[in-house]
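Got some structures for you, see below.
Shared between the two complexes below is chain A, which has chain B as its partner in the first and chain C in the second.
For the complex of A and B:
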């Protein structure tokens, strides 16, 4: 039925294809996705391409606290370990911890948030109380105590404790959103057409919260990475498993800052910072995917080589666009 | 009937398009329409025919990717003392002076146009304070008198929008539009969401206020029957183009364009003999690729091969009583019957 316009020039054709193809993401989101993808790739192949065993010590004088060189691209530690290998190996543990914690905490948040919002009444009271209690628990001291006194101080226990403390923020937000969605007409309509409760929840309400859930996931990952690095930094970690936090712990332990051995702590620190930046930028993109209204037209629009903000008055473009109705080019 | 006065708002050859990756959607195509002081001009047409785009485009309220691709909009208000203002040439700060003070708008949905968390008084005060330099006391008095104007008790000033009924909200919108004495009020389907009783009340109020305050109204609606009663002149739009402009009387008794005939045939008249409601078969064309000639051809009962070659300009209707009666259809006379019976007014009540 719809007849496509004969488009002029390659530029117009490219634009058509782009609009029809993948969802257009903003530059911010693309940079974020790129950074995160790089880190994921590094975490997957890192241990395989690491040039040395990260724990291999060497007390030869040339190997101790050596600045970056061809043999050790990121220098060596005070015990002659290769920093690059440590970062490459440690990245995997930190990233896995972040992603797993994010996943567990987000699932908890979604289950608790949607149940509380959708069921209402007693369940809402109970679940809200629960999340409020977890929300006011001072996280870091509790983490220190829990991880410090757990019989096994490893990756798994850290993930579990971080997940347990990381879900209430997401749950509160999702509950609030579910409450407003529950009262909308389309939910009432879907109930009226006889949809089952689980279908209403998963097919009517959940898709409206995708951006919220994804944002909650990304921020939980960010929180988990930051907290795990902080815990490792104060020594609450498994010392037999390399992570970005452990590198920083040893760097601090070995007085890297006082010895001006910047290559010891800077790579791991920068990795954490860059990963955080990437995750935050990615968050913007997730917003755009989850909210179709943010995708186009909401932001700036380029017309005739100029960017227009939504608040601008309607642009007036006279050049070449005024055609007499008698000679319509597309009416061929 | 009308004395030739200079129009207060003159839209000429205005074209508005929505830029998209797949090309321009030409929502308004070379439309000329003028509004004389104190006149009610009705703009009728189906959904998507470009009525609102035309009105908002003329005020430059459309957001990009909407683009005005040609034409001019001239405003001549009393306060400008004979000068005229080209709306399309104005900078944003100059436009801000023009908006509301000179051209105000009653928006379509009063529920969404009023801020739900502000009291009615504060919202009205915003308008008054933005455009007039009054003392606080004078501004408050003005706001209170605005509610008098639309017959809402003054104690409603402290209400929030959700505490008002739909009709009251719409009247608040009208009061807001009239807050700073505009010369032109654009009403975008102000009564569409209301029931007929309230609708009647509000229309009566608009007419009365118009006579008292002397503003001109551009009344946008898809309800032609409403315009027959309310408007001085009626402009009918189809697929972004004007197809007929005439006095309300002429539209009622001698519609010249087949589309207008079809519209008139889509609702029952209260008086006169019963007739079958024909409606208009089909749906409006795709504005990205309009057919050559008249865009109404696929749905027109009068259509001939000639129609695909016709130039869509408004021509005076031969033999019309109203000298201003123009139609885009050069073939169909006001009294003509469609060969296959669709799209005609079979009985005319007089």
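For the complex of A and C:
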């Protein structure tokens, strides 16, 4: 036999708390946004404030593989290059690559996703098939093969190939959302009033998918940065353009780990890891905007080891339970 | 949509995807500059110019006849399992090189992936059920693990556990000097060598499963039928496993299938870092030494393996979701 728990607490208090929670981004998301903003600023001013030319070599014994010092804040490589300058210059290249790839792939995803979901029928079948096929093409091996064949391994070709392989996931999600939106009353209403198709798409459907599109952009940037750094690490990159991946490639080639030259590989690796963490946290925040159930709840109550929030259904426990039934602040 | 339409749709997908992989593979070497015969001629300067034609025939680099004719010939060759001859390990056949390296990758990465999926999903269920608990609170820290480039973490792990502590071997798939086969010293050595690579894969990929499972699970817990189950007085364990988790796991399950392609990508980096004798390292070696036939053959096999994994996942999905059995599962 079970009993519903008694409900206590003021409705008004719960309501105001929830309204405040909706306006406020979660701490996680704010930390993520802060990290990303810092990296963007570093990428913009980095090459201007870099103390040395990142490719300037020096074979004076004092400059070779030197630990961080006042002259070289992050130490030097085995060829006497300044690690800090390399990181500052390389950060811009890596970030630009990630953002451009994210932009191109997201535009592709939006075009394909909305067309498939909005047009329906034959076009939906065709575009869904296309994105499913692209989805199963193994990206990294294909990239390795493609970039292996390319005559010059420039940034442009990497961006194009990464974008070409990066759109299908976003397209699937956007298509699904468009499908549900298409059937909503407000879309039907705007069609009834004689709105043109492009207006329905841009002013009725698109604004309702902003959080999805943003999330898809952020995860594509994450994928592009991770993949390009990995490609550079295995030597499939443009060697005349400093990037975080290229620093790691040279550090690995110069046996930085075996020589205990942590200052050579740690800064670039940590930059990628931090940037990745920032992007994932930012995506948390975007997810929470799109899905209110994921938001950190105000007025949470713990019952039987499980946390309940005001928006949850009324908790029910087995009667005769030894634990005292705690109350939740508000019932819906 | 009826069940028949569902099956037909999936079959069309497999046929088109398989054809796409085949065609991409056919066109890459024809659209890109460079060819294996030049590599071979450069590698062995003593070769006579006459040998060029023979080599071109051998590597399939001679593009005789119309494009359609070449394409037809290529498809026939592939269906006969004839993937050409490797340049670096001349005269070994591409198909036999793949046959020797594929089991290494499949065993290690397969086991690591299943372990990572099971652990991540389980922890995701726990984190969602005990929301706000300690597991849920360490989740943001796990995203850091997800953000680290895989090879960077792997290098650090090798440095710490293999180089400095010396607990595990640094690289290779088994101790040199052992003859591969089904005898204990070899199996033991192979297992010992696989611990670190498997560990790095599990650590880096687990957080993703956990996050997705947690988020879907939180949405599912809010559903009325979960409330109804609790109202009936079912035990928490029963509500979690058969009511909430069983429904919440479906997106994770299909994500599992779709991510198998990325699993093989992870294997590529893992095998390079650990010099593991799998298919990823072979692909890398093929690319760095311009061994085009081997490159093409491996890409084709990887693409087909991903398709096969998808087929298995489809079957599992149909078994797990009654709606898919009734043919009502799209998106």
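Just so it is clear, the second predicted complex is superposed on the first by the 264 of 332 C-alpha atoms of A that agree within 3 Å, B and C clash if a C-alpha of one lies under 4 Å from a C-alpha of the other, contacts with A are read in each partner's own complex, and residues count from 1 in each chain.
Operating definition for what follows: a residue touches a chain if its C-beta (ideal position, glycine included) is under 8 Å from a C-beta of that chain, and two chains touch if they have at least 3 such contacts.
Remember, predicted model here, so these are calculated numbers, not experimental data.
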| item | value |
| --- | --- |
| A:179 touches, of chain B and chain C: first, second, both or neither? | second |
| Touched partner set for A:60, first chain B, second chain C, both or neither | neither |
| Chain B versus chain C as contact partner of A:276, first or second or both or neither | second |
| Chain B versus chain C as contact partner of A:129, first or second or both or neither | second |
| Partner chain(s) touched by A:257 [first = chain B, second = chain C, both, neither] | second |
| Residue contacts with chain A in the superposition, chain B compared against chain C | C |
| Contact residues of chain A, present in both the chain B and the chain C interface | 1-2, 297, 312-316, 318 |
| Chain B-touching residues of chain A, taken from the complex the two chains share | 1-5, 7, 12, 15-16, 18-19, 297, 301, 303, 308, 310, 312-318, 321-322, 325-326, 328, 330-331 |
| Chain C-touching residues of chain A, taken from the complex the two chains share | 1-2, 28, 31, 125, 129, 132-133, 135-142, 144-146, 148-151, 172, 175-176, 179, 222, 226, 229-230, 233-236, 248, 252, 257-258, 265, 269, 272-281, 284, 287, 291, 293-294, 297, 300, 302, 304-307, 311-316, 318 |
| Contact footprint of chain A on chain B as seen in their complex | 15-17, 19-24, 29-30, 56-57, 60-70, 88, 90, 92, 95, 241, 286, 288-292, 311-313 |
| Residues of chain C defined as touching chain A within the complex | 9, 12-13, 16-17, 20-21, 24, 28-29, 32-34, 129-133, 140, 143-144, 146-152, 155-156, 158-159, 163, 215, 218-219, 221-222, 224, 227, 230-233, 236, 258, 261-262, 264-265, 268-269, 272, 280, 283-284, 287-288, 290, 292, 295-296, 298-299, 302-303, 306-307, 310, 331 |
